[in-house]
Every structure is written in C-alpha cells, then in structure tokens.
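For clarity, chains are labelled A, B and C in written order, and residue numbers in each chain start from 1.
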Amino acid sequence: MNIKKTYRDAWNTGWTAGIVALSISALGLAELFAKRNIVSGVITMGQVMVFIVPIVMAYNFTKNLSMEQRKTGPLFGAVIGATTAIPLVLLIIASTLFNIRDIFVNVSPSLIELLTFGQENAYLGGLLLLVSMALLSYLSAYTHQLPEKIKRSLFTGLITILLVGMFSEILTERIRSIFGAIFGSSVGSAIVRFLFKSKAIQSIPAIVVFAIATYVGYRKIPKTEEEKNKSKRAFIVDGKVQWKTVIPLAVLLLILPLLLGTYLSEVTNNVGIYILMGLGLNIVVGFAGLLDLGYVAFFAIGAYTMAVLTSTGPLGLFGMSFWLALPICVIVAALAGVMLGIPVLRMRGDYLAIVTLGFGEIISRLAISDMLKPYVGGAQGILQIPKPSIGSLVFTKPEVLYYVVLAGVLLALFVSWRLRDSRLGRQWMAMREDEDVAEAMGINLMKTKILAFSIGAAFSGLAGAIFASKLTSIFPHSFNVLISINVLSLIIVGGIGSLPGVIVGAAVLIGLPELLREFAEYRLLMYGLLLIVMMLAKPEGFVPSEVHKRELHATDEDFVAEAGD
Amino acid sequence: MTRSKDFDFVGLFLWVFRAVILILIVWGTYATIADNPYETRTWVDFIIFGLAQGSMYALIAIGYTLVYGVLFMINFAHGEFFMAGILTTTVVITTPLSESGFLNEQPILSLLIIAISSMAVSIFISVLTERIAYRPLRKAPRLVPLITAIGASYFWQNYFRGLFGSGIKPIPQIEILDGTIPLDFLGTTMLKSHVLVIVTTIVMLIALNFFIMKTKTGKAIRAVAEDKDVANLMGINVDQTISITFATGAAMAGIAGVLYSLVFRQVHFFMGFIPGIKAFTAAVLGGIGSLPGAAVGGLLLGMFESVGPSLFLRGLGIPAFNQLKDVIAFTMLVMVLIFRPQGIVGEVLSEKKA
Amino acid sequence: MSKRVLSILGLILVASIALVACGGSSFECEDAIGCVSYAEGEPVRIASALVITGPNTQLGLDSQYGVEVAMSFQDTLFGHEIELQAEDDGCNAEGGQAAGQKITSDPSIVAIVGTSCSGAGVAMSSVVSEAGYSMVSPSNTSPVLTDPDIAWHPGYYRSAHNDKVQGAAIADFAFNELGLSTAAAIHDGDPYTEGLANAFRVSFEALGGSITTFTAVVVGDTDMRPVLTEVAAGAPEFIYFPVFTAECAFLAKQAGEVAGLEGTVLAAADGCISADAAAAIGEAGAGMYFSGPDISFTGSLYEDFKAEYTAISGEDLLSVFHAHAFDAARMIFACVEEVGVEDGGDLHIGRQDLRDCLSATSNFTGITGSLTCNDYGDCADPKITVSELVDGEYATVWP
C-alpha cells in the first residue's frame, strides 16, 4: 500500500465522517445535547457528539495501518479531521448566505454558534472548527504511538467521564437517596451539590474521577481468553447446583429494589414485562422457528382480560382480585394462541409472518372499535383496574410491584428452561431445522406447532395481565404493532433461542432507551441506529445460544443455502 | 393421540372457520344489498377509489417482492424509501416551484422534475441502506437482516423528521389535475388525479416488465434470484445486481410517492410506515416474489379496503364499520392463504422456499 | 480494586461529608408533604411530560415550546435560573406512568407541565399525586381527569378546557346559530377525538337535533371516501370531525368529491387548527368551521410570544395548545413566587403550599384568558370559539 493511496483513503474516510457530523448537526442532535454539560461549564455533550466522529474515525483508520505507515499515522488523522470539517464549514457558510432554516428546520443560529465557537465571523469560525478538528484527530491518531498501557488507561479515564456525564441524572438521584438514607437527606443533597451542577459533574470531581479511572485502567491487567472462560459462572455444573453462584444472585434479586429506588425499579419492571414477552416469543420464534409478527395480540388479550375481570369501574364484570384473575388471563391467552395456531398451521416463513401480523392488527383494531366499545371501552379504554394486593398490602410502588414481575419472570424462565431440554423442546428444534425431516421422524407437526403458539401466548398473556394491573388503566393505543417489533428485536439482539439473551436484549433495548428518556425526541433514531450497529457487530446476538453459535461457525456455504430458504 | 385424529380436528376447525367467514360475508352482502343504501354509481366510485389506492400499494409492493425474490428478505424499511423521496422533493423542490408560480406555468415539466427527484432520492436512500445495513449480513441467519431493516425504518423516519421537521407539508394543487373527467358509460365521473395514478401505474408496470424480462440487467436480476453462486460463475456482478434490484424497487416507490402526493396532497415523515405494511401485505396476498402478484395483490387490497367494509359489514349493523377495514383486509388475506398458501399468483414455493 | 483506590474514594467521601457539615442550613420544612429546596446558584427545575415522539409529536412539541417561551419570559425565580427537564409522555398510559415515576424520583423538580394526552394523564396523575407533586396539563381535555369518582387525584390541574364544554359549544353553534337539525360525527379512535365527538353527540341530541351517523376513520388512513359516503347516506346538514391534522385535511378535501355532501356544512376541532393544517386543507377550507379554544389572542403579549416561539423552534406555531402550556407554566411560576421562602441564597418551596396556591388560582391573567381553578383542577377559562379559514388564517365567527 503506498502513501498516496492511504492519503486518498483518509480523505474518503474524512468525507464519511463529515456527512455523519453534518447529520448530527442538521438533525438538531448537537444543539439539543449542547444544553447538557458533561463537565459543568467545560464540555457539553453537543460538542462531544460532533467532535467524537472524526476522533473515532481517525483512531480506527490509523489502527489498521501497516507498520511503516504507523509513523505518519497522526498526519492521516489530521487529514481525516480536516476533511470532516469541510461539510460543516460549508453548512456554516451556507447559513450566512441563505435562509436554509426554511428547509432544514434544525439549522438554528445557536447551532452555528456552537460550531463556530461563538465567533461572529463565519469564515473565522469555520477555520477554527477545521483546525481544532484536525488537531484533535491528530492527537487521537497519535495515541497509537503511546505504550499500550498508557493508551488503555487514558481511554478508561475518558470513557468513565463520558459515562458519568451521560448517566449523571440517574447517578445524581441514586447518590442523593443512598447517601440521604445513610446520613440524612440534607447530607445527600449536599454531596450531590458538591459533585454535580445541574446534571453535569463539576470540574474538580471530574478531574478526580478521571484520575482514579485512569489509574485503575493503568493497574488493570487484561484477562486472557482462558481466564475469561474460567470466570464465567454457571448455575448448574454436572447436574449439581452451584450454591456459590446461586445464593448471592438470589439475595441480589431480592434486595434489588432497595438499591434501585423508585424510578429504576419502574424501569426494571418495564424491562421485566418485556422479558416475559420475550421469553414467550422466544419459544415461538427461537425454539420452534415460527416467525410471529403479531405477538402483541396475546399481550392485549391478557391485559384486557385482566381489566374486564378486575376493574371496579362500569366495564368491570366480576370485580375479581388480581390473583384470581391472573390464571384466567393466562388460560384465555393460551386459548387465543391455539385459535391463531390452527389456521396458520400450513403456512411457512414469511406467509406466517404476515398472517400473524394481521392477527395482531385485527385484535388491536377490534379493541379500538366502536363495535366492541360496550365491552372493552373502545377508544376510552378501561379505567379503575386495581393494583395487586395481599390483605391490606397494596402493591402500589414500583419497588413492591417488582416482586410480582420478578415472580412472573422467574416462573417463565424456569418453564422455558425445562421446556428447552425436554422432548417437546427437541421436537421444536427439529421442526425449526427442517419441517419435512421432522415430520418424517414421526414428530406431530400440528400438535408441536399449536403447543408452541399457545405456550408462547400464555407468557404474553401473563405479561399483559401484570401490565394492566400495574398501569391501572389500559387504552387500545398501548397495543400496536411496534410492541411486536420491539419484542422480536430484543430476542434477536440478545441471541435467538437463548434465555440469558432475552434478558440482555430486554435490558439493552427497553431499559437503555428508558434511561435516556430526556433525549426522547431522538430516542427512536438512536434505537434504529442501535439495531443496525448491533446486528452488524454481533449478528449472532449478545448471548448466542449454543446451537446457533454452532450454526454460525459451521461451514458458511451450507448455511447460506439454508438461510436463503 | 393418533395423527389422523389430530388432523380431523384441525380440518374441522378450518372448515368451520371458512364456513363462518363465508356465511358472514354472504349474509352481510345480502343484508347490505337488500337495504340498498347506495346508488350503483357509488359502488363504481368505491371501486375506482380502491383501484387508485391499490395502484400505489402495487407500486410499493413491487419493491418488497423484487428484494424478496432476490434475497429472500423482508425489506421492512421499504416504506421509508417511499417517504424519503417525496418528502425531500416536496420540501426542496415542490414548495419553491409552487411559490415561484413555475408549477402551474409549466406543470408537465414540473411534474417530471418532481418525479425524477423523488425517484433519485428514494434510490439513493435504498442503495445506501442496502450497502450499509444489509450487504454485510448476507450470510447471517435470515432474521438478522430483518432486524437491521426494522432499525433502518426507525432510523430514516426520525432522520427525515430531524432534517425537515415534524410538520405536515402540504402539496399545492396543480391546476391541470383539478377536477374530474366524465365516465359516461359507468354513469359517474373520475378525478383527474385518479386517472393519472392509474395510467402511470399501468405504464410503470409495463416498463418494469420490459426491464425485467427483456433487458440484460433484468436477466441478471432474474439469474441472481435463481441462484447467486451460479450467477456469479456466469460472470454476473452479484453485489451490483442486488443494488440495481433495490434501486428498481425504490424507483417504483419514488413514483408511488409522487402519485400519493398528487392525490392526497400532503406528506410528512410518518407517512411511509402504514403504506409500507399494507404493501407488504399486498405482496404476500399476490404471492411474494412474483411481480404480477404484487400488482394483483395491491389492487385487490385497495379494493377490499374501499369496498369491503360497506359491502360486508354495513348489512351486519356494525357501528363505524369503516374502522374495521384492516380487519377485513387481513381476514381476506388469511382466507386467501388458507385456500392458496402460495398467494394468488405465486408459484408453489411455500413448501420449501418460503 | 487496590487499596490505594479505596483510600482515595474514602477520602472523597470524608471530604464531601465535611463539606456538607459546613453547609448545613437553618431552614426547617413544615410542609405536610415536603419541600423542594434549591441552594444558591442552583436552577429551579420544572419538568414537562409531553408527547414528543411518534405521530402526535407536533401536539407535544408545540406545548413544549410554549413552556420554553414562558421560561424565557420569566427568566429567573428569586434570582434562580429556571431549568426544564423535558420528558416524553408517549401519548399513552405506560409512557405517562414511566415519565411520572422518573420525574417524581427527582426531588429537585418543583412541578410538571403535562401531559399532552389524556390517556397518559390518567396514569401519570395518580403517580404524581401520590408522590406529592403538582402537574398542570396544557391539553388534557378528557372529562374523567377532573371527575373525582373516576380519575381525579389531588395535585392535578389543567389549563385546557373540558371536552364537555367544547362539545356543548359546537352543538349550540350548529343547532342554534346555523339552525341545522341533523348532524353526523366522525372520530378516529383516539380517546380525545372520540370523547369530543361523543360530547358533541350528547349535546346535539339534548338540544333536539338528531345524529344521522356516528362513525370513525382509522389514524393513518388516506382514503376517506368510503366513510364520507357512509355519512352521505344519512344526508346530514352538518358533519363534525374533531380529528387531527392529517386525517382532518383528508376529510375536508375529499368531502367535496363525494356525491351528496355538496351542501353539507363541515366542522373540525382544535386538532386541525395549525399553520400546517391550514396549508394542508387549502381551498377545501372554504365554508368550513373550526371549533376550539379561543386562540384569537390579542395583545402584545401574544405577539411577543409568537416571536419568541419562532426563535426557539424555527417553525411556525405547530398546534393550538402552546398558549395553554405557556399559561400552565406561568401559573406554576406565579405560585412558586407566592409560596417560595428565601433563606439566605437558598429557596424553599412547600409542595402542599404549592398545591394550595394552584388550587386557589383565580382570575389569573394568561394568554388563554382569565384562569380560575375549581375544586378538581379544572382551571381553564373555557372560551370556545368557532372560526373560519380565510386566506390561511383562522378568523373567529362565533360567538
């Protein structure tokens, strides 16, 4: 590879980075995030978002250079940085010449101010931007020249600061209430006030945190592959329950709400409800290989059954207690699973997908319709659903409701785990691999498929029942096709067919966006990006199941043929 | 439990299911006709509206079917390609043209510019999406590209919202498309915009058929759809051909976007999602992977939606029956697939390939 | 983790506690449900919970800009800056609940402007009430929210009118002003539009009119002709469709193309009053009526408001509830100014005091009129007007 070509590659990389940085600016992301300081009064998240693009690009570009080109690496970095700035500079100049806000609504004066560092003169500001981007990218590429240990520690420090900045809101709340609980609330607030200023870490604590993180990064010895495998813990090894792993985990799960507080418990409960649905869909899609895009239907059926059975309002029929209604909801949902299962028995692949999608749509249209309004409330939904209670204890707070969700999730996990290794589970997997062969082996496809649909539906019905009771009011708009899509996404991102994968997938796809609520306007943008990036980086999911891991690493040729089917 | 017993039960259930739906349809239709709420010309109008809506579904459905035929992949983001083209064109071209008065001075030229721009943007977005989000995953399990497609759908929707704002962008009325033309032999009139939609769709479908069947590129697409490895051995650039397939589908979506904007005269960032799902349904209804299937499926779906509620449900005395048109559309889909699992004009590939 | 790291951490902890000991304050909170306190230099924090994602984005963003304008006009409270934490209510119950739990887990938030959608409001008001916070909604109009037998909870207020008021007003207009006795109503399955269409139906029938058709479209639909044909079969003199911009414009434009509706009077509601809607409806708006809160606001305050709104958002007014949101935020600011207690540079606000003050709001002058709260949080000055679209502007024609 000659130098000239490398320069050309750097130039192209720079343009890509430039388009990304331009998008971040023109979409209004930079400006929105500029309101949020990472380090109070020093760096805003908006600046980080724009500058991180060339920095990361330059870093990655120079990482892959050949040995002899390494020396000139920082120069390539500078080229990338400068090129990245070009589209932005053009944007700055254009904004002074025309009123481009008529077309791009987010190109506001404050965005231009952000990009030009507040310079009045657009050309000077643009030049400043170009030089600073080039410089930062130069430095970023230069880190490859540093000893490995120093490089690593620097990154640990920087990433820690970024994470603290991003999640400072949650941190603020947690620090305040944990220290508040130990030392009294005024102490808690005072500590927070010392560390943070309007949701950003203050400069001095920032330096301290950076120093500590850098130091920790410096001292940490990276684990070898072998050690990594060793440190993986299993609950059951050779048929023996590993109490050493199980007991601490059980204790942690029991006291979790105390550590999390109200809001994080709420998030955990929402994640839990999605884990329940994910486990159910995992049986249908992951184990049995039946692509179901209308899974929300059973969620809705569970929720509406709970609402009709328990509501104290005019639409409630029996005024049952939550506990009595719960099994009924599950049974009703399972029956609905059978009803869906039978007509689609002979359909395969994408035909199945669209029919199930249609089933989901039919259920949600019926829920909203004037036709069924006398029974399920139509657009106005069903209100006054009581929360679960035992005696006089009402599960009002998310911290308490957590235990209901936890019990449901554990039950579903247990059932899924037992099913996976059962005769039925193996039949499902055989059916997933090849229906014709499975049938030839004497597997009753009808029965196996209907069981998959109904057990999957039962889990979703359970989730719906808890959801209705948790919300105390349900509306048909809560049950739309996006829920089916999200549940499908989470099991695939987690690793299809894998039980821990469902938990990780739900945490990442449901929990993380919830924590970044304040960026609500851009939540779905990030969600989309996350799905793409995650699938490109780890197509087998976060925690791939053993079977799929084997598939992916089997001879690729065979698998392509199969995947193409 | 013996096998045949199971089968009987399932067979019985399906039989009852079909019978109930058919009885409902017949009863509803009979009651509606007996009640005779509308004149004949109203029913003709419904069919025309259905055809116009169905034409747009058909054009979008072609994108699904082409990509499915080549990659066996549901391109969930296709509805967004449809949105991207016309939304960008409206903001950047149509509105300035209209404000300067050029739109009504040179309507034909303006429409050409709009159509080309809409197609170009749709193509650009689709090829970019394919390059970044689908191509690297060609060897991954088939559900993985489905997820990136869902991701791309979310991404583009919100990307264009950020770029152009969340407002609804109105499309000005073009004078030559204002008004109706008489259809004396049917005793009704037809909107000029509907005429344009139906004529354009027919022209595009013929052109597409020519492109796929007669040109070299079209042959390459068909070869890749048959067998990628063999096509590669025959000297066909598979990656490039797949890009062209995406581009072709997106061009149709771009045109559909223009037609949509002329009939409904407003666009916004969320407009792609629902037509996308409907077009996907249409593609499956017709038989996914089949080009005539996409056309037939689209037209039928449009008709079900427009005629179905009034014909089947009105007579049953259901309040607000038009709310349930999706219920009708999807029930018809299930009925069709129970009778013909491969779709209306699809080849019998659901056994092994689908 | 090495010992050295631990010792550094310990040091920080000790240092911060020591710092706290010095900063102890003399203020004792005597409020029944607690106080919110701000040290010198800390901003006063309010939250918003409005719909800022999905298809109803405009409704929520519009209100959020309204709040931001109010903040920019207010500038400071007792010398403290004002900070907004903008949350998304998702326009659904679960979004409302999650936003409520998040906001109420942050003790530095004094009050909330939200929610946008009534469904979210039902879920959020119980969370917010229980946590001792106060919320003022700029656009919840569902009657259940201020009905103490169904979904009202202490701490819930709204600057938006109750659906019942608007339904009655438009029925009055159609029956008495226009002298029409047959009408049809169309909703889109949204709780808001369904509620309003229903309120209209009840009032219109109470006046002695008859409803020929009560039907619905689906959100996202584009071809409204089948529904309009269904309506035309009943030959109503008046059609009321209180749906949102996209469907509203489709209905308005396509009504002219359906046989039998040539002479029918069309009317929509505030979901269809915006610059976007006006442009989208275009010429089809001739002779059409729009019911809604009186937004023919006059006075220099509203002019200033509009200028600031455009400066903040870069867009024209997106919907109709920006002024209500502005007033909601200003009601909160006014009460903070009334009940806030200064203690050195610190500021303390009693949460029950704040509620009491909000409940006692009377004749508060806002853009939307003079606001007075009743016992169950209905604070709006329910001036419903009917306007016409003339050259892209909404001109009031009644009362």
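Convention: a contact is a pair of C-beta atoms (placed from the backbone, for glycine too) under 8 Å apart; a residue touches a chain by one contact, two chains touch by 3 or more.
This structure is a prediction, so every number in the text was calculated from the model and none was measured.
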Topology of the chain contact graph, where touching chains are joined (line, ring, star, complete, other): complete
Best-connected chain pair, where connection means C-beta pairs in contact: A-B
Chain centre separation in whole Å, for subunit C relative to subunit B (CA means): 37
Intercentroid distance (Cα basis), subunit B paired with subunit A, Å: 31
Junction residues of subunit C, two or more chains touched: 57, 61, 189, 214-216, 218, 314-315
Where subunit A touches two or more other chains, by residue: 105-106, 365, 368-370, 524
Touching two or more other chains - residue numbers and ranges from subunit B: 165, 319-321, 323, 326
Sites on subunit A touched by subunit C in the complex: 101, 105-108, 169, 172-173, 176, 183, 186-187, 189-191, 193-195, 197-198, 205, 208, 212, 215-216, 219, 261-264, 266-267, 270, 313, 365, 368-370, 378-381, 383-384, 396, 398, 467, 470-478, 514, 517-518, 520-521, 523-524
Sites on subunit C touched by subunit B in the complex: 54-55, 57-58, 61, 189, 214-218, 220, 222-223, 225-227, 229-230, 233, 245-246, 249-250, 253, 257, 259, 275-277, 279-280, 282-283, 314-316, 318
Complex contacts: residues of subunit B adjacent to subunit C: 37-38, 41-42, 45-46, 49, 52-53, 161, 165-170, 172-173, 180, 191, 260, 263-266, 268, 270, 273-274, 305-307, 309-310, 314, 319-323, 325-326
Subunit A - residues contacting subunit B, complex: 23, 26-29, 103-106, 285, 291, 342-351, 353-355, 357-359, 361-362, 365-366, 368-371, 373, 444, 446-447, 481, 485, 488-489, 492-493, 496, 522, 524-525, 527-532, 535-536, 539-540, 548, 551-552, 556, 559-560, 563-565
Residues of subunit C that touch subunit A when the two form their complex: 1-2, 4-5, 8-9, 12, 16-17, 19-20, 23-25, 37, 39, 42-43, 52-53, 57, 61, 83, 85-88, 91-94, 97-99, 101-102, 104-107, 119, 122-123, 126, 130, 142, 144, 150-151, 187, 189-191, 193-195, 214-216, 218, 313-315
